[in-house]
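Below, chain A partners chain B and then partners chain C, in two separate complexes.
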Partner chain A sequence: MSAALEFRGINHHFGHRVGRSGAMREVLHEINLAITAGERHTLIGPNGAGKSTLFNIACGALRPNAGRVILNGTDITGLAPFEISRRGLARSQQVTSLFAHLSVRDNLRCAVLGADRRRYAFWRPLEGLTAVRARAEAMAEAVGLAAELDRNAGELPYAAQRALEIGVALAGDAKVVLIDEPTAGMNQDESRAMVALIRRLTEGRTLLLVEHDMDVVFGLADRVSVLAGGALIATGTPDEIRANTQVRDVYPTAEDANA
Partner chain B sequence: MEFLLVSLLNGLSYSLLLFLLSAGLTVVFSLMGVLNFAHASFYMLGAYLGFQISLWAGFWSALVLAPLAVGALGMLVERHLLRAVHRRGQTAELLLTFGLAYLIAEAVQLLWGRSALPFHPPAALEGPLFSLYGSAFPAWRAFMMALALAMLVAIALTLRYTRVGLIVQAAFTHPHMVEALGHDVPRIFMWTFGAGAALAGLAGVIGGSAFVTEPGMAAAIGPIVFVIVVIGGLGSLPGAFIASIAVGFIQTFAVGFDFAVAGVSVAQAAPVLPFLAMVLVLLFRPSGLLGNRAD
Partner chain C sequence: MTSRRFQWIAFAALLAAPPLFFEGGFALTLASQAGIAIILALSYNMLLGQTGLLSFGHAVYAGLGAYAAIHAMKLIGAGSLPFPVALLPLIGAVAGGTVAVLLGYVSSRRGGLTFAMISLGIGEMVHAAAALFPALFGGESGITADRAGMRVTTSVADTVAIAAQLGLDFSSAHAVCWLIAAWTLASALAMYGFTRTPLGRLANAVRDNPERAAQIGVDPRRVRWLVMIAAGAFAGIAGSLSAILFEIVSAENLGTPASVAMLIAAFIGGTGAFFGPVAGALVYTLMSSAVAAVTPAWPMYLGALFILIVLKAPGGLASILVDARQSGIYGRFGSAVMGLSVVSALAVLAGFVGLVESAYALAGSPGTAAGWLATLPGGRATGVVLSAALLMAGREIRHRLAARRPMPPNAAALPEHAA
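After this line comes the complex of A and B, so read on.
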């Protein structure tokens, strides 16, 4: 099987010096990881391990100091975020990043328009674009928000906002999807509903997920990668990761999970 | 009564001119986080280019072409100057526009000299639209109001009902998210900055011909526009509208009053009033009348 998303020799450090020694604090060190097309891959690791940095590099928000990012066989390193998005990579953010003052429909419409070929014919009235509207409403239905289309995103309950974020990320029909901590701050029921939603909506796509909740990780992932101290220390099936002693040393909760 | 009515209309036309200027400044700030110090310089450039083009091709061509030229210059500034320093943060951008303001002021003096230019509205509109008991309201002022209102309605409709309006509104709060969705945000920034500059240029053609076209005009109106944007709340278009009306009326009416407070006549104090209002707003309501940003 071919890789949908591949990191090759990624090195990254932020440009400020730490301490008197003047040593650069390395955030990512020699990351080599290939996400197979169609798989659900989860990235775990302690806080500060570099997970979000790797996401930022994948979607173009950060440019790595060294290494390449390959999307469906094409080198996307150094492209602008919108160019990467147009090549079929979507990302949902860790912090709430909805357009709070826009309606649910308009949040989704904005996402659909981003993946639309006919961009920026600014004189086109929005309401005239019936196909865009229909796609936005279909996605609202898919994330369980069909009844809330006209409500401002900022007024939705927290769990509904996170669901809408998933919808916004996927409304452009990207084939590779990065989702950052979708169940953070949720209770068990909400978390379970979110996992079901993600599983349903990422059917037939490639998913790279950052998650802390081990039930979620082992319930959803085909493969798991462990990032610690900026380095990739293990990649394997959930069972292999659970049995890996090196992983237990840096990430003790991994063995507690009962999948 | 008739004095009051004509003063009201004068105040309103001046307010609308101020809003043409503050609208561009505040939209650019909302979207890009750039407080454009050179905004009033685009206004001045609009007046000077308007004058020059009117010599060659007549006033009505100037009214169309000068704003377009200023808008194109604005796009170049965004594309080749602002974008280059964007990564270094807002201070770098502010300083860049600050330098640009001086550059434009010097360039204008080199090209057109230091004295005021004989730039006037077309003769057909210089007469009074109507007179009430001897107080005349110039037709040009009425045209100015109509044009400013038309532009502002066009902006509002564009923001509210078009696809680019939706994307710009979304980018007001999360430009990075909008870009992650596949929208070419750098290009939107360039066009928005150009549109703001074009609006300032249009205000320049109107204001320059109605009042005066001289090298000090940017320095005269620039601070007032900043005051309006601060009072209204950085980034708030409705706030900028209310503040434009308020400041326009304060400046128009205070000049007409001839009573004194503590030995200072209201007419003398008029130029200070907007700045006083800004200081009070900053002290007691830092986010402005309708501002929603804490920073």
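After this line comes the complex of A and C, so read on.
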């Protein structure tokens, strides 16, 4: 079993040290975590534990102060977000982040183009790239937006935007997928539908998921890692995590969930 | 699709009408200027409307394209460059595009405010640099060339040059108007085609959300850069056409005021629709020539119109048309409320114009309308009072009309998923 995505000795802090005693908040401390190819791995932890920071480091939005990020055996630390994306790592945002004035079809089409060598072509019509269009429409179908293809992303209801968010992340066919709190702000039905969608679309891919809803976490994950206060305190199967007393101390809701 | 085709036919007819129906004079100059303004506004909108880049330096590309063209014209006129005058805009396009390769590299790293500030700085720097090289930029007076001189044949080499000119004689304003109309149509078609390419669509994605674009594998900087090069090339085409039309290029063509004129034209017309900037360019040309012919206050009116658009219809004239169609306003023409609304708007406009014209007359530069106001019994004072009364009355009526208007049904409804 090889690691699809690996964090090696990641340290990160925000702010600058002023003199000897300046305020410098450490956000991540010595994170070592290997996500096995093909597994669904969930990251849990209280607010401010550093989960989103770790995501930002993985996708290149932040550069860690120390440590390496390895994607499929290649060091991607310090690469620009678009370069990391082209190497097959996709990310969906916690806060919905779409192309608001483009249609659902074009949102997905841009995502397909982003992974295509013809992305910057200006000598041929976009409509001529039938495979790109077909892929975009198939993805719309997969996330349940086939009826909304011509609607602008900014006009969609919230749950539909969340679904499109997942579709945009996956339309480029990335093999490693990072999804940040996909069910945040959803009611139970919407949340269930989202979990089913993620389960379906991440089949055969490697998934790293941040989630607060314990039903979602233990229902979807092969393995769970717990981040607290910027440090990784446990990694294991859902059952191991539930039984871990150290986890219960920092994350009491972990025992509430009954798988 | 058919409506799109109709728009293009209407656009082509609009471009062809002036040279078809006029032999010369003001109308042809106006039409020629409008064509150039249309290319500039459309190329500006490749940046603003399509890529979300607010530029205060787009005149750099148009101006340097114009300089390239005027130097080529001088060489053609001297018989040392066998190149068809009709294809001079290609030289401008190469010049504008090449300059954008260099300057775009510097300024494309960031969008938003950073891009706007850098474009302003670059515009000022290029304008200042032009003063340093009078041989290239002609200093205060600019560089001049003579279109008519390009037909004189004295040697074999010149005969080759004339043959290359395809027998077209561009000494007449009429021929130039045709030339500009043809290049305007070709440029507009090319720029429309650009919006429908992969790069064109990714430009929209970078406009809407550059961070997300990067996450799906698109380099926002590369997209901005490529769009800048394309927009710079089209600006260069417009610049060369102005060199051919006016036979003079000066540092003014490079300056920030020239860039701002493109911004105003594109925005008034509407940056969200492809043909929006065309409407804006027409309005701008009419203001700066036809309105300017009767009043020195035309920049006041242009500024007022710009502010009105920014506040009331940020989608520009194009969005006003679309909104009017969607709200079914056309069906209400002829109703009493509609009539009152139009009359009151005209009253506000007349009052505003009356006050501005009176102020200009008072300051010693009267326009045509100030002359009419002076003929009123009581003279200028009556004009001021009357204008103020019209303005206030019109405003009051509009205020009351607005209070009576029912809320549109969808504005009253709560948005879905309101927290």
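Assume the second predicted complex is superposed on the first by the 252 of 259 C-alpha atoms of A that agree within 3 Å, B and C clash if a C-alpha of one lies under 4 Å from a C-alpha of the other, contacts with A are read in each partner's own complex, and residues count from 1 in each chain.
Everything that follows uses one rule, which is that a residue touches a chain if its C-beta (ideal position, glycine included) is under 8 Å from a C-beta of that chain, and two chains touch if they have at least 3 such contacts.
In this text the structure is predicted, and so the values were computed from the model without any measurement.
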- request: Once the two structures are overlaid on chain A, check if chain B and chain C clash or fit side by side.
  value: clash
- request: Classify the contacts of A:168 with the two partner chains as first (chain B alone), second (chain C alone), both, or neither.
  value: both
Query: After superposition on the shared chain, which partner residues are touched by A:14: those of chain B (first), chain C (second), both, or neither?
result: neither
- request: Have a look at where A:158 lands relative to chain B and chain C in the superposition and call it first, second, both or neither.
  value: second
Task: State whether A:127 touches chain B only (first), chain C only (second), both chains, or neither.
output: both
Message: Touch test for A:109: chain B only (first), chain C only (second), both, or neither?
response: both
- prompt: Just one of 3-11, 345-353 or 363-371 in chain C hits chain B in the overlay; which is it?
  reply: 363-371
- prompt: Which chain A residues are contacted by chain C in one complex and by chain B in the other?
  reply: 59, 61, 80-82, 85-86, 90-91, 93, 97-102, 106-107, 109-111, 113-115, 119-127, 129, 132, 168, 172
Query: In their shared complex, at which residues does chain A touch chain B?
result: 59, 61, 80-82, 85-86, 90-91, 93, 97-102, 106-107, 109-111, 113-115, 119-127, 129, 132, 168, 172
Message: Can you tell me which positions in chain C touch chain A when the two form their complex?
response: 193-194, 196-202, 204-205, 207-209, 211-220, 222-223, 226, 230, 416-417, 419
Query: Can you list the residues on chain B that touch chain A in the complex?
result: 158, 161-167, 169-170, 173-174, 176-188
Touching residues on chain A, where the partner in the complex is chain C: 59-61, 80-82, 85-86, 90-91, 93, 97-102, 106-107, 109-111, 113-116, 118-127, 129, 132, 157-159, 168-169, 171-172, 185
